[in-house]
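Working notes for the structure below.
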Amino acid sequence: MSFFERLKTAASAEWRAYTEHPFTNGLADGSLAEPAFRHYLAQDYLFLIEFARAYALAIYKAPALSDMRDAAAGLSAILDVEMDLHVKLCAGWGLSPGDLERTEPAAETLAYTRYVLDTGMRGDLLGLKVALAPCVIGYAEIATRLATHPQAAAAGNPYRDWIAEYAGEAYQDVAASAQAQLDRLADLYATPAREVELIAVFKEATRLEADFWEMGWRV
Amino acid sequence: MSFFERLKTAASAEWRAYTEHPFTNGLADGSLAEPAFRHYLAQDYLFLIEFARAYALAIYKAPALSDMRDAAAGLSAILDVEMDLHVKLCAGWGLSPGDLERTEPAAETLAYTRYVLDTGMRGDLLGLKVALAPCVIGYAEIATRLATHPQAAAAGNPYRDWIAEYAGEAYQDVAASAQAQLDRLADLYATPAREVELIAVFKEATRLEADFWEMGWRV
Amino acid sequence: MSFFERLKTAASAEWRAYTEHPFTNGLADGSLAEPAFRHYLAQDYLFLIEFARAYALAIYKAPALSDMRDAAAGLSAILDVEMDLHVKLCAGWGLSPGDLERTEPAAETLAYTRYVLDTGMRGDLLGLKVALAPCVIGYAEIATRLATHPQAAAAGNPYRDWIAEYAGEAYQDVAASAQAQLDRLADLYATPAREVELIAVFKEATRLEADFWEMGWRV
Amino acid sequence: MSFFERLKTAASAEWRAYTEHPFTNGLADGSLAEPAFRHYLAQDYLFLIEFARAYALAIYKAPALSDMRDAAAGLSAILDVEMDLHVKLCAGWGLSPGDLERTEPAAETLAYTRYVLDTGMRGDLLGLKVALAPCVIGYAEIATRLATHPQAAAAGNPYRDWIAEYAGEAYQDVAASAQAQLDRLADLYATPAREVELIAVFKEATRLEADFWEMGWRV
């Protein structure tokens, strides 16, 4: 069993509560209330900014030049591609860049993003990657599941673009390569004692991701 | 008006919502449900550990040896005095050290502590001190107000020791000296543009402190 | 006088010792011994890696999204362009990528790069940019001066490509924009007390850059 | 063989060049020129300040409360005891506190201290402790060897107090406990791949300590 599989197994309850959260099912069948989605989207924009900071931290932390280049590619994908996509997606939902910038971070947004950043600063690159994994790899797994729902791509489902983006090949490749890098780092650096600590980080980050969906409801 | 007074004025709504939170009134008249207090206490223990990390960061960040010594004294007060007091207080409420260590951090605990740590790492010592101020200085102000309540010191008020500790001279001196240091640092380092950013940090940290009281109810 | 001009004025002795170091004059007239240049080049490669880490730190530290994008562009210029150019330049001097990777950092390389990184982590973005300025902006000033030398572009000068690269429009633009950003950050964030500290950082970083030339001789 | 023994074995050439540096022999037989010692002492004072910052970082990084308390005790020993001792020692050599504060850091001082701080920030607590080991543990080993020299405690040896302090029980206990903690952390966290990287850090830090002696000569 790969390291990432061991993490998921150890955190199976948290992982299910996050990846099968009712909020995601509301995306699959299109039943999610639009204000909840707009609330989620605006917070996710703030999230992406902190995420970019976490990737910058990964460059600073990287033990080898190849890891630096990997993290720099990820950073560029966030700052130059994903955030622009997000701004366009938000525009389609009536949220202007000005609206996004005036959005105040929800406590759940602060909790997850700062937990990742502090975990990353405190330890080494592996710890940072574990804290990022529920987001990077989890979204790919969630979107793959949602895409199998009969309504996922229906013309009447307002969330079909969102699902298609994360279920699409480009994002799935990003997630697969993040998982491969995580497994490689763990093979190099994870002792049994370390794995216990990393499982705790993974559980916490997964819980905080579930809270992030929960925050979406609370418009 | 001193820098700290300006912060409080700019964040007056947040400051009142935090310092006059109904949870604190339940301490003053003894009406707070005991499970809520125990929940708060256990989370506050986890909070103190991260707080000690923030003081360590203040030492690392300090531009002058005198600032290092100040922060080191604050750190020692947390690790060697306040945490022991906390363990004793918790024991009186039926919480053993083992209970405390098994406590999982609430999202509100993670949100405030990691926000402080990341804000502190990101900027300079002044930014870190602003993020810490709602806690360090706010608790002194809260306890002073609570201590004027007719039931605050009543034999039947289970929270009288807690109020007395923070309203007492020792803690009030700690808070006064933190406020003096904050004002001194701001006189040296705060430009008008910086003050705008620091006010945003102060508001956020104050909101997160109010959330922390709110978390107490949610047993 | 702009902030950067004030820095140079306050550190005029250090600035001259660095920007007019005899090592640079040996580049201008082609008289520098080739082993010294090769030694310098290999150390400069190690320097660039740490420099990329410093730019990553600037992204993590940036108070605004626009500052993050600026730093990310700088990072990409280092990792994707400057390092490749460097590898090609080194190849022309008989240094393979493998040679570069096996090179041990000189004490001078460690001193400057880690001073920049620690200064950057300790304070805010402005402090980091001041520590980087002697390198980023200084090289443009040095190359501009060297390019006026009669031998600078002579076919027999083995260092003419190096001079042309840093005296060329592309690099001059990078340096001009770094200087503009520095002045803008200082206008926002530098108090008189802060300026005193920043001058000390600038002097130190400039001294360490002069040491870096000096290291070149010591083959 | 314990982890620390493995580090020393892997870096045996660097370790000997540092711990048996001629500068130390000049302390043992009293032949070291006094200006060299004064130069070393003043730089060592600046070194201690950065060392205190590194211990503060160890508190921030510590994965467990017991590690935080260990590092806090070490920090207090530096700030409250060792620096005062140092100031007294310096006074005996005609260096006032004002002299110490006006001292500019030598490149060797910057190189070692910032290398430790950046290594510590970049990775986890174990990496930081490895970078600190040549200093903390090495001084105990050096002083123990020097103390066996016939002139080490002679009334005419101006360096007998310095030798006695580091060869004395108090400091030897500090070093022994640092070594025990290092071995314990390595047992928990060092994989074979990690050990290769930690050996490289240890070699570098040891080389930088040898440079620090070398700097002493260069008055």
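Per-chain numbering from 1; labels A, B, C and D assigned in written order.
Criterion: a contact is a pair of C-beta atoms (placed from the backbone, for glycine too) under 8 Å apart; a residue touches a chain by one contact, two chains touch by 3 or more.
The structure displayed is predicted, hence computed values, not measured ones.
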| item | value |
| --- | --- |
| Touching both subunit A and subunit C (chains) | B, D |
| Selected pair, greater C-beta contact count between B-C and A-B | A-B |
| Angle, in degrees to the nearest 5, of the Cα rotation that carries subunit B onto subunit D | 180 |
| Chain located farthest away, centre of subunit B as origin (C-alpha) | C |
| Same or different contact residues where subunit D meets its copy subunit C, judged by the half mark | same |
| Rounded Å distance, subunit B centre to subunit D centre (Cα mean) | 36 |
| For subunit A paired with subunit B, centre-to-centre distance based on mean C-alpha positions, whole Å | 31 |
| Whole-Å separation of chain centres (CA-atom averages), subunit B against subunit C | 43 |
| Sites on subunit D at which at least two other chains make contact | 60, 121 |
| Residues of subunit D touching subunit A in the complex | 60-61, 63, 121-124, 127, 188-191, 193-194, 197 |
| Subunit D-touching residues of subunit C, taken from the complex the two chains share | 105, 107-108, 110-111, 114-115, 117-118, 121, 204, 207-208, 211 |
| Residue ranges of subunit B touching subunit D (in the complex, touch as defined) | 49, 52-53, 56-57, 59-60, 62, 65, 68-69, 71-72, 75-76, 79-80 |
